[in-house]
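As structure tokens, here come the structures.
Presented sequentially are two complexes of subunit A, the first with subunit B as partner and the second with subunit C.
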Partner chain A sequence: MFELKVLRRYEVSTKLKLTVYTLSFVVGLSAFTLLEVSYGADLYEVISKLLIKPLTSYSDFQVTIRYAIPIGIMSLGLILPYRSGIYSIGAEGQMAVGVIFAAWTAYSLIDLESPYSIVVALLAGTFGGLLWGLIPGLLKGLLNVNEVLITLMLNFTAYSLTDYLIYGPWRSPKAYGFPLTEPIPKSFMMPSYDGIHLTNLIIFVLLTVVMNTVIKKTVLGYQIRAYGLNPTAAYSAGISFLKVALLCLAISGALAGLAGSLQLIAVHGRLGPKSWSVTEGLGYTAIVSAWLARLEPWAVLPSALLLGALVNGGLTIKAVLGQPEGIVSIMNGIILLSIISAEFFINYRLVIKVGR
Partner chain B sequence: MIDTFLVGNFIFLTLKNAVPLVLASVGEVIAERSGIINLGVEGSMVVGALVGVAVTLMSGNYLLGFAVGGLAGLLLASIHGFITVVFGANQIVSGIAVTMTGLGLTALLGRGYVGRSLYGLRPSPLYPYDVGVPDYLKPLLAALVRHDIIVYLSIIIPLLATWLLFKTKYGNSVRACGESPSVAESLGINVILIRFSAVLLGGFLAGLGGAYLSLGIVGTWVENITAGIGWIAVGLVAFSMWMPVRVLMASYIMAALISMSYILQGKVGVSSYFLAMIPYIGTIMILTIVNVERFKLKLGAPTALGRPYIREERLG
Partner chain C sequence: MEVNQTYFSLNTTNSNHDYVLSVRGVSKFFGSITALKEVDLDVRKKEIHVLLGENGAGKTTLVNILYGIYRPDSGVINVFGKDVRIGSPRDAISYGIVLVQQHPMLIDKMTVAENLSISFRKLGYFKSPKIIKELIREYSSRYGISVDVDALVSNLSFSEKQEVELIRALLLDVKLLILDEPTTMLTSYERRKLFSVLRGLIDEGRSVLLITHKVVEALEISDWITVLRRGEVVASRPKNAYSVDELVKLVVGESIRAEPIVSEDFSPGNSVRRPEVLSVKDLTVVNDAGGIAVRGVSLDINSGEVVGIAGVSGNGQKELSEALAGLRKVKGGKILICGLDVTNRGPGDRVRAGFAYIPEERLRYGVIGEMNVAENFMLKNHKSFSKYGLILEKDVVESVEEGIKAFNIVTRGPSEKVKALSGGNIQKLIVARELRSNPKVILAHNPTLGLDLKSAVLVRELLIKARSNGSGILLISEDLDEVLTLSDRVVVMYRGSIVYETSRTTASRDVLERAMLGLVNV
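What follows is the complex of A and B.
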């Protein structure tokens, strides 16, 4: 007879954590690869296109970075609510609203000169995301309304708003009938150096440092972590839940709005539907990136790079094998499932007893 | 004089649109009563919708498609069940991940089915006649009687679920696990088994709801067919205060909003893209109102909702 016992580990070494996390990521990635192979793809081709080329070939690496920056910035934002036990999945919608706000400044302030125009667009985008984040922030903070559902509903609403603009008032008459907007003026476009938007990259790295400090060194960070660890105790200690919920969701919204406006003025330059959209579902990938980083701000740097590579690789596979957008979503889902399962193997060990 | 045709059409659509919501929400009530939040409902629904269409096309029988769609929803929910019940992983993140996986998988596997016609295979009305009624009232009568069997079955499901949860031994165990898993365990209830089965049952009902969405309402497979219906269904659970019978009322309110967003198209001077927001904004408002009420009445969710239970943790 077999008997499976689950025993608690009381001391967990960093080495063990790292091993289990890496393993869980590999398991998730293998499951995805297996799915692709069973769908008729060549194993070697999948691995090379998914992970190796996006990180080693320079031209592919540029694209990887292009994805890693918005994913990373949004992950940094999401870490705040996640650390306080608030589960926002609203980055996608907040990003979309940020894009709309940034584009609006570009279309209405055409004559603005270059460095100012970019600053204005980024501020507007950040503000748009912040507004979209304030809604769940207020509802959660005042009434404890389920933030998962509110943020998701706001994502759908933001999509509808974008659709309204690109099929309606903002639709370009010169786009051959496609529902695309006019390209934003040249003065609003972020300059790039050798295919990499250095300014965006610097903003991302600086934000990583800032968020790391906020979480670990500030009173606010302490209060956020207190709510995440034990909400009852945090409440009894007199920490305002309204303040924590509002700030966490507003800041994460602002960062998503910033990511959206950066993506608009650096990469896309115009709004479009579905696969031409500025957001490209990256707001959902950012959730995976945040958990892959184990909600550690500094760890977002490698995790966003990795997910940027995977999104890039996934889209290449999609194009080569003629698969739909959905494959990035499957990849996100499977990897997320495997990394959250890892927690169990870190905290418990399985003992198989044979005989009795 | 009211336009009976318009009113009839509105009632007809509302009764139809409520079916996926009723099925999925009742399923989620059962899962949450056992203490497990399943945010994979949207995923289970979308998988059920695709499999429902595929099996109906293959077998030529929509009832078979409907049932297998339910099983597909159950299969996806089993991932969530395994990860949250056995591994005790974060239920919210797991549900989101399951939904991502479901949406992606169906986008990949459903490409061959996009727009495939289900001509002659869709659920047909049980009683297609409306004799002996003045013409003026015909649309109103038709709105109530010209439905397929699943619409009428969906009204019974919440009653069955109420009986299951409150009158059977299994239901008692489910609720015990949702209130206090450690007490349930000490009463000899297998918490893991009960919670896992409740999640599976919830996934099955969500799959059925998804299958009705593609077979009964849309009439074909479209990528992302659910467009948030599953999430709305989860929202209705709190609105119903975890009572299956109240789910019925909540679903009709929501379905009325969804139907309104169709009916008003072209009739009012508002862009259809703004009308499409009605269900989403409606959900936000409903959730807000219910929380104001809950604060007043102090009615709450199952006490252990969202808390993992691992037997070895009892003493530690």
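What follows is the complex of A and C.
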């Protein structure tokens, strides 16, 4: 006789939570590895390329950091709406709009002196992302429109806007017919030290501290958490939902815009379609990173690093093992799924009884 | 049965088979808190056994243990003469124990028949809806319950939902029915109906364990009463072996007046004309189903005055209070707070105008269970605890600790999660928070519903104190005695309208009761 029972847990320790989440991450990663192996890849090669090399080899680690920074900054932003019970998936589009705004500044203020130029471009990019976040913020706050749909659709709108620019007015005549823009002026490019963009890294770390304070110590953070934990009580207490929705989505948009403009002026230097794109789907990876961090700002530091490594490794696998285009998205999806299913094991206990 | 053997411990005691349930020495600890200490409880066949005690006495903990939600830390549970381990509600049901919780656990968006189908495992998964409906009708008519099997659960009243739960228990062939505070939301008519259904169950040879904190109710319905105080059984005897006074003393632990204490400066009819703080003009409000719930209600409340709204619940009180609190749109009429028109504005504008709200559904509207005591304490005034947008934790904690002391809130401290507090302490926390800012208007909706005697008295006294401090109070309560004791003016609400109005000094209980049933037209 074999019996499986699902029992509710009433007291959950931090240790248990940590264990379950770590295990769920490992399970997700293993599932992805198995998928790769079923494609005929070598198990050892997959693990080494996916996770070990991106974290241990110095040259790969530089690339890992390059991905971790935008992922982390966007995750920090996404924590705000998630904590307030608003499920935005719009970081990708907000990032793309940030890129457009930063590039536009660079092309129109070509004569501006560095380092002001960099600051101006970053501010413009941040503002662009903020605007793109205000749209779902207003719709959610005023009319309570479903934010998942709006943010998702705005991502595609932002992609189309990018496509319009790179195929149309911004297309460079010198790019051998490729739909690429002109490189942005030198004075707008962020310097790097030994392949690592130290300024970007510092911005990321500082933002982690700031967002940690915002969530835990400020009036805004308190109001956000109140809405996330009991919206009716928060509303009855007179906390404005419009304010919370608007600020959460605007700030998260602003951070995505900042991440996008940093990627543009530090890494890519020009806009392009698909595999040349500045956003590279990192706006979606940031969702995984935010949840992996359990919506804790400080925990975004390790989770963004880990996902940076995985994105880096995933792209390597795609190139080296000749995998299909969507392989990194598949990896993101599998990991997010296993982290979310971990919630079940936090709240419930499985008891297996084997007896006569 | 062989499988179930594994659940049974080896020392099967040879206990009396007349006992349906026999609990011996059950203890339960939550951290350093002792919730239950060496509790014994025996429920006999064909008995209505009342478990009586204040909020926080451990009644619900014991029920949760009997229903397999908590595990006891020590002790033995014996069902029909066999020691059992109840690991889940499913185990409990397999032993014939069914719990009807305080708040019905039904799926709102489904019909009665659909809700009950879930419990029809024994019939197999592919029974036709027709047969299921027939069976429900058969059961409900047998026990004198009238329920529309095709009605959506969201359209049912509280007592109808409870009846659906009772039918479910019967479909599961309940041997021991446990009811956790079943009467808190019932009118006296509905309560009598429930009790007659319970009597019917007993006649069939089933047993009932009823949990309550109401002494009068215990004496009314029970055969046997077990009194629980601070996690310990302090008495267990047949009903007739208690006197009322003795029972009250056993429950509370010290002698306390059953009536709320009225402070000395509480002098109704104080004829000094004070400014109007709340003015409701010709208010019309629609309920969820689209029907008119409040029709043309007008009310004026002055500073330093309590206006009580009496009435049987379901006559528009809920919609009226939600509309006043800004949680429900108003169809017609006006609401003014201190002269400011707030009619269709949100709660925020009301809070700023000096409006305080003690809601009926306190877990839903009043507190955030997942947040701690301090965070809940500052829910309304968190901006006053901040500087440059940063929350001044020290100030909050200081203020909360003061509040905990002043309002006698039992908690492990400011950082305990509110969901861990008992109902009475949650209510005290809400009252402490709402009164903190010296509000101009207080809307209190059933402020002592479900509270134990001590907490209820304290809450009432606090309202009286707020009145002396100049707050205008609108008290909506199903408890007529409470309305009569606290109010300067009493109005009666019936079918959404105010049908009778009187001052406290001229109020007659008889006339009010008749008005509540719609028998007076003034």
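By definition in this document, the second predicted complex is superposed on the first by the 349 of 356 C-alpha atoms of A that agree within 3 Å, B and C clash if a C-alpha of one lies under 4 Å from a C-alpha of the other, contacts with A are read in each partner's own complex, and residues count from 1 in each chain.
FYI, a contact is a pair of C-beta atoms (placed from the backbone, for glycine too) under 8 Å apart; a residue touches a chain by one contact, two chains touch by 3 or more.
Because the structure is a prediction, the values reported are computed rather than measured.
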{"item": "Fit-or-clash call for subunit B and subunit C when the two complexes are aligned on subunit A", "value": "clash"}
{"item": "Partner chain in contact with A:160 - subunit B first, subunit C second, else both or neither", "value": "first"}
{"item": "Subunit B versus subunit C as contact partner of A:229, first or second or both or neither", "value": "second"}
{"item": "Contacts of A:43 with subunit B and subunit C, given as first, second, both or neither", "value": "neither"}
{"item": "Partner chain in contact with A:205 - subunit B first, subunit C second, else both or neither", "value": "neither"}
{"item": "Touching partner for A:353 - first (subunit B), second (subunit C), both, neither", "value": "second"}
{"item": "First (subunit B), second (subunit C), both or neither touched by A:319", "value": "neither"}
{"item": "Contacts of A:334 with subunit B and subunit C, given as first, second, both or neither", "value": "first"}
{"item": "First, second, both or neither for A:119, with subunit B first and subunit C second", "value": "neither"}
{"item": "Larger contact residue set on subunit A - subunit B or subunit C", "value": "B"}
{"item": "First (subunit B), second (subunit C), both or neither touched by A:239", "value": "second"}
{"item": "Of the stretches 116-124, 188-196 or 404-412 belonging to subunit C, the one that collides with subunit B", "value": "116-124"}
{"item": "On subunit A, positions contacted by subunit B and by subunit C", "value": "7-8"}
{"item": "Touching residues (chain side subunit C, partner subunit A) in the complex", "value": "2-3, 6, 69-70, 87-88, 325, 327, 346-352, 357, 359, 364-371, 375, 378-380, 382-383, 386, 389-391, 393"}
{"item": "Subunit C partner contacts - residues on subunit A that touch it in the complex", "value": "1, 3, 5, 7-8, 10, 213, 217-220, 222-223, 225-226, 229-230, 232-240, 351, 353, 355-356"}
{"item": "Subunit B partner contacts - residues on subunit A that touch it in the complex", "value": "6-8, 39, 87, 89, 135, 139, 143-146, 148-150, 152-154, 156-157, 160-161, 163-164, 167-168, 284, 287, 291, 323-334, 336-337, 340-341, 343-344, 348"}
{"item": "Subunit A contact footprint on subunit B (complex, rising order)", "value": "39, 79, 83, 87-90, 92-94, 96-108, 111, 223, 227-228, 231-232, 234-235, 238, 271, 273-274, 276-277, 280-281, 283-284, 287-288, 291-292, 295, 310-313, 316"}
